[in-house]
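Chains: A, B, C and D, in written order; residue numbering restarts at 1 for each.
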Amino acid sequence: MPLAPDEAAAIEAQRAARAETRRATVAALEDMLYHPHPVLDHGFVRVIDYMGDDGAIVQAARVSYGRGTRKVSEDEGLIRYLMRHRHTTPFEMCEIKYHVKLPIFVARQWIRHRMANVNEYSARYSILDREFYLPAPEHLAAQSATNRQGRGEIVEGDEAALVLDLLREDAARCHDHYLAMLNEGEDGAPRDPARRGLARELARMNLTLNTYTQWYWKTDLHNLLHFLSLRADAHAQYEIRAYAEAMLTTVEAWVPMAARAFRDYRLGAVTLSAPMLAVLRRMLAGERVEQAESGLSKREWAEFLVAIGQDRDAKF
Amino acid sequence: MPLAPDEAAAIEAQRAARAETRRATVAALEDMLYHPHPVLDHGFVRVIDYMGDDGAIVQAARVSYGRGTRKVSEDEGLIRYLMRHRHTTPFEMCEIKYHVKLPIFVARQWIRHRMANVNEYSARYSILDREFYLPAPEHLAAQSATNRQGRGEIVEGDEAALVLDLLREDAARCHDHYLAMLNEGEDGAPRDPARRGLARELARMNLTLNTYTQWYWKTDLHNLLHFLSLRADAHAQYEIRAYAEAMLTTVEAWVPMAARAFRDYRLGAVTLSAPMLAVLRRMLAGERVEQAESGLSKREWAEFLVAIGQDRDAKF
Amino acid sequence: MPLAPDEAAAIEAQRAARAETRRATVAALEDMLYHPHPVLDHGFVRVIDYMGDDGAIVQAARVSYGRGTRKVSEDEGLIRYLMRHRHTTPFEMCEIKYHVKLPIFVARQWIRHRMANVNEYSARYSILDREFYLPAPEHLAAQSATNRQGRGEIVEGDEAALVLDLLREDAARCHDHYLAMLNEGEDGAPRDPARRGLARELARMNLTLNTYTQWYWKTDLHNLLHFLSLRADAHAQYEIRAYAEAMLTTVEAWVPMAARAFRDYRLGAVTLSAPMLAVLRRMLAGERVEQAESGLSKREWAEFLVAIGQDRDAKF
Amino acid sequence: MPLAPDEAAAIEAQRAARAETRRATVAALEDMLYHPHPVLDHGFVRVIDYMGDDGAIVQAARVSYGRGTRKVSEDEGLIRYLMRHRHTTPFEMCEIKYHVKLPIFVARQWIRHRMANVNEYSARYSILDREFYLPAPEHLAAQSATNRQGRGEIVEGDEAALVLDLLREDAARCHDHYLAMLNEGEDGAPRDPARRGLARELARMNLTLNTYTQWYWKTDLHNLLHFLSLRADAHAQYEIRAYAEAMLTTVEAWVPMAARAFRDYRLGAVTLSAPMLAVLRRMLAGERVEQAESGLSKREWAEFLVAIGQDRDAKF
């Protein structure tokens, strides 16, 4: 993720500026502010702004006149209670804004989360840079044989080389032709004065889905945690998970109590269905239960064993 | 709006605290921060937190690495362009949080605006104070004779006195009985040890709709301006308009450029329908147009004359 | 819930009308259509319209050209898979619209669910009927001694009689005074020609929170199930739960496969936190675990025992 | 837009099925139901389901027990009043669901409208067809010289031929390589048994943005009209406008009264800012106003002249 000199300078200028505020402030997040966390080969996530802290969650839950915080242990207890019982509105009182650079196919997954504000770099208006995502060799996975939307073993050797060549060459050629159709030179003058140049809003259709775009993305803590619970999950596609994991580190700096509660009650939690609970109760009573007479389908049985830690070989 | 001593002290403590931040900061809004603006007889609006400034709007519109601002005149021109052409997403990049104390019947109108985050003081959990809204004499309006949801002349004299007596006595009696049913003393012990005390979540149903409640309410600038365009409008009920007007002063301190554009392109703007435009064009061509052959209904004709300033006596 | 003759006639007229359609149609829900299910003493829920069926869920999940359904067992398996793995968007493809009559304090809880469309009867514009909720004796609960927002034992005898008298008299008196302030007779003429009559939008503030209002409420199946998971839950206040339970019967008529999956994977399911799972695994390995060294707080320990069915006396 | 035989048969089967319903039904929309309206070279829009009609709008506005409709002229008057005064909630009571086939770059504009439910064909799970958008010669526009996000004159002759060749060849090659990387044969067996085949969720990144995707898209009438007001507008990119125009014909069949009000009060309406209104009033008083002393910028002045029909040559 090499920044252009003017981009790096703009970031440094923002990091250098300081002002006094009466608002809730989080030193650990201030340290990260504006700084890009690299993700994938050319992408990044950086925090641009934030509102609130752990105290804002308890303040809203108590609808208080002042900060609303009490003893640290009481505040953390309240946050854990709210998280456990899915009292979600106090978490909506914290807000965060990111600047993200990401491949278009990742942006298409991401945008399905509707409870956020987005301003994307416009390829109707501007020209996209010649940057596209190429997976690192260890992420060049084959189609899963068992799970139609999953990944299997790593593609290696000649096949890997072929795949990377195709991805690189196709993306590069498509971008070259994009610029050729636009016919715009560095200075805005036409490259070839004999041609008009295709409209930007049309030429962009020639780009491949691994081309990088960027956007400002803002959401509240409740919706961010929902996003992370789906996208930092092992079932998420690796490429979006890489962004989710980078964002999770910013959440830990920002609202450490809420982040701990999130790890305990969401990321590390498991939901057992009514039929699963019936089986579990038989097991705890000492009964030995087999799938065939469990009332669970084979698929649910497998999920159940993983959930209760009885299938330690499980790959999920 | 007399604050209890502990409430005033909590607010002062928050106002006194200062921290350094790298975030965008607005001095004029910092001055107002936490301070309650009185509204109606016991209500208030106070800004609890904010994110962003005028610069954040242009920064998002430009998806820039740094602050994104240029010359002041260019920034204001861009903001005015965005407002005029209803490019709303850059305004969503600013966020503000209020603490509001308001009568329940006003809260019921307000909550219809769904694009916001709310934490209301819980009467399931806590006991509501003995405070209720009584209109000032100049707001004690009669039912409009012409507009089924509007107000007419002021109710005066004996009728006004009767109305205020009924409102005051009914609210007070209902709250007294609410406390009686709860049977809770100052210290949590039962007032009357022979009674159990009705559950709070039930007893609250005895309160009148002018009882004050309070909430934390957070929204983005785009949705706030939409709220203000409807609620600071002359057609809005006076009681909610009083809140909208207090909030408008906070917007002017916070994002002065956006506030000016909002006054020019929303609050002070008028939308002319296709049939109205057809009439206007005939008028500008020097033709004298009468309602009967205008193609507009009587109601639309009246609205049209007001819109183009031809009916200076109009009361709307 | 006695309907006025004109209301009953309007409902019968709608039930009698039939038309042919190419849309997905559910016979069991057609049987219920427009018919009011009584709730509380004067309230009701009735289905006014619906879109989609169980088939629409699988059709959307498969983005198919035709109905998209296959064998019944395959469709149900897919719906159960979607519900279990929280793939929520296919459930958003079904929509339902209710007409609900409910006390204002219940409406205030309900409206917190923002992902719905609402049109409420306007007390700015019209006059509210003289109907208010009075709890049946078996729902006249005392404040819970242990849970600050819960109910305890039933209030009985003289105290119950006192409570019901206060609720009835206060609501009735407030409504009488509401009408007196309005000064509107049956025919629209003033009751007392010497008075102007207070504006409807002001007079309504004198009503108590148990006064009935009504609204049209429309939402999609995903958001409806989320609403029901919170409001048909044992922790919900009885009065809103009564509505949720009536609505659950309409969901069972409408989308029986989705309703079964909802009961198994939501209503009857339990989420175990990471610390709870660690304890469970020790238990399944035959270890005897005590709260003190479990890593769980006393409150979490109690919740855990209930979840795994080890505390059969638990009242939650 | 040639449908595959199984797709056409699935559509015909749905069109042939009939059932009786008590719900509001619209004959003109039933005629269109399931039928694909062709858009662009391979795309379509087809209505899959709907809820409500013009009557449902007035029914919700009146919160009535029966159909709520009165005389046709009264109903249309009410709908026009609601549209003119932006009382939007009654329009939210109608819902419609479309199946749309569209190029990915159009889908990326479309998805910015968040108030809708979407299920898109998953390229993580399935393989995308070899279909991509190639503009018709009359839509092959050059970049606008004056408007950075607009189109100018048509690209013609050799340049047009070059552009179409590049678009066609790049899209075709990228799709061929996509299939090659997948290494999946017709029957699911590997094309080349010596290779594993790249995961579908990765291979898709090699596709160009003019590749067709498809989705189910459902929204309410208010949000649909907001979408159409932006996307059926002359400033919208032609490719998404083509979809909006096809959808507008379905709205006219579905809710003709609302559609007429929409054309008069939205599509054909103009909003004049406070400064524009000041100028207009001077003009109506017979004064001759020039831009320089109008208080409007040159850009606003030009927009103003177009709005009031004084600039008949204007191309906007």
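Simple rule for what comes next: a residue touches a chain if its C-beta (ideal position, glycine included) is under 8 Å from a C-beta of that chain, and two chains touch if they have at least 3 such contacts.
Fair warning: this is a prediction, and the values are worked out from it, not measured in the lab.
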(message) If I rank A-D and B-D by number of C-beta contact pairs, which comes first?
(response) A-D
(request) Would you kindly tell me how far, in whole Å, the mean C-alpha position of chain D lies from that of chain A? (result) 29
(request) Measure off the straight-line distance from the CA centroid of chain B to the CA centroid of chain D, and report it in whole Å. (result) 34
(request) Scan chain D for residues touching two or more other chains and write them down. (result) 89, 112, 118, 122
(message) Graph shape for the chains shown, where an edge means the two chains touch. Line, ring, star, complete, or other?
(response) complete
(message) Quick check: in the complex, which residue numbers of chain B touch chain A?
(response) 3, 6-7, 9-11, 13-15, 17-25, 30, 33-34, 48-52, 56, 59-61, 63-67, 89-90, 92-93, 95, 97, 99, 117-122, 214-216, 218, 220
(message) Which residues of chain A touch chain C once you look at their complex with the stated criterion?
(response) 77, 81, 84, 86, 89, 112, 230, 263-265, 267-277, 280-281, 283-284, 297, 299-300, 303, 307-310
(request) Mind listing the chain C positions that touch chain B in their complex? (result) 103-105, 107-108, 111-112, 114-115, 118, 122, 124-125, 133, 135, 140-144, 148-153, 155, 159, 162-163, 166-167, 170-171, 173-174, 177, 180-182, 184, 195-202, 204-210, 237
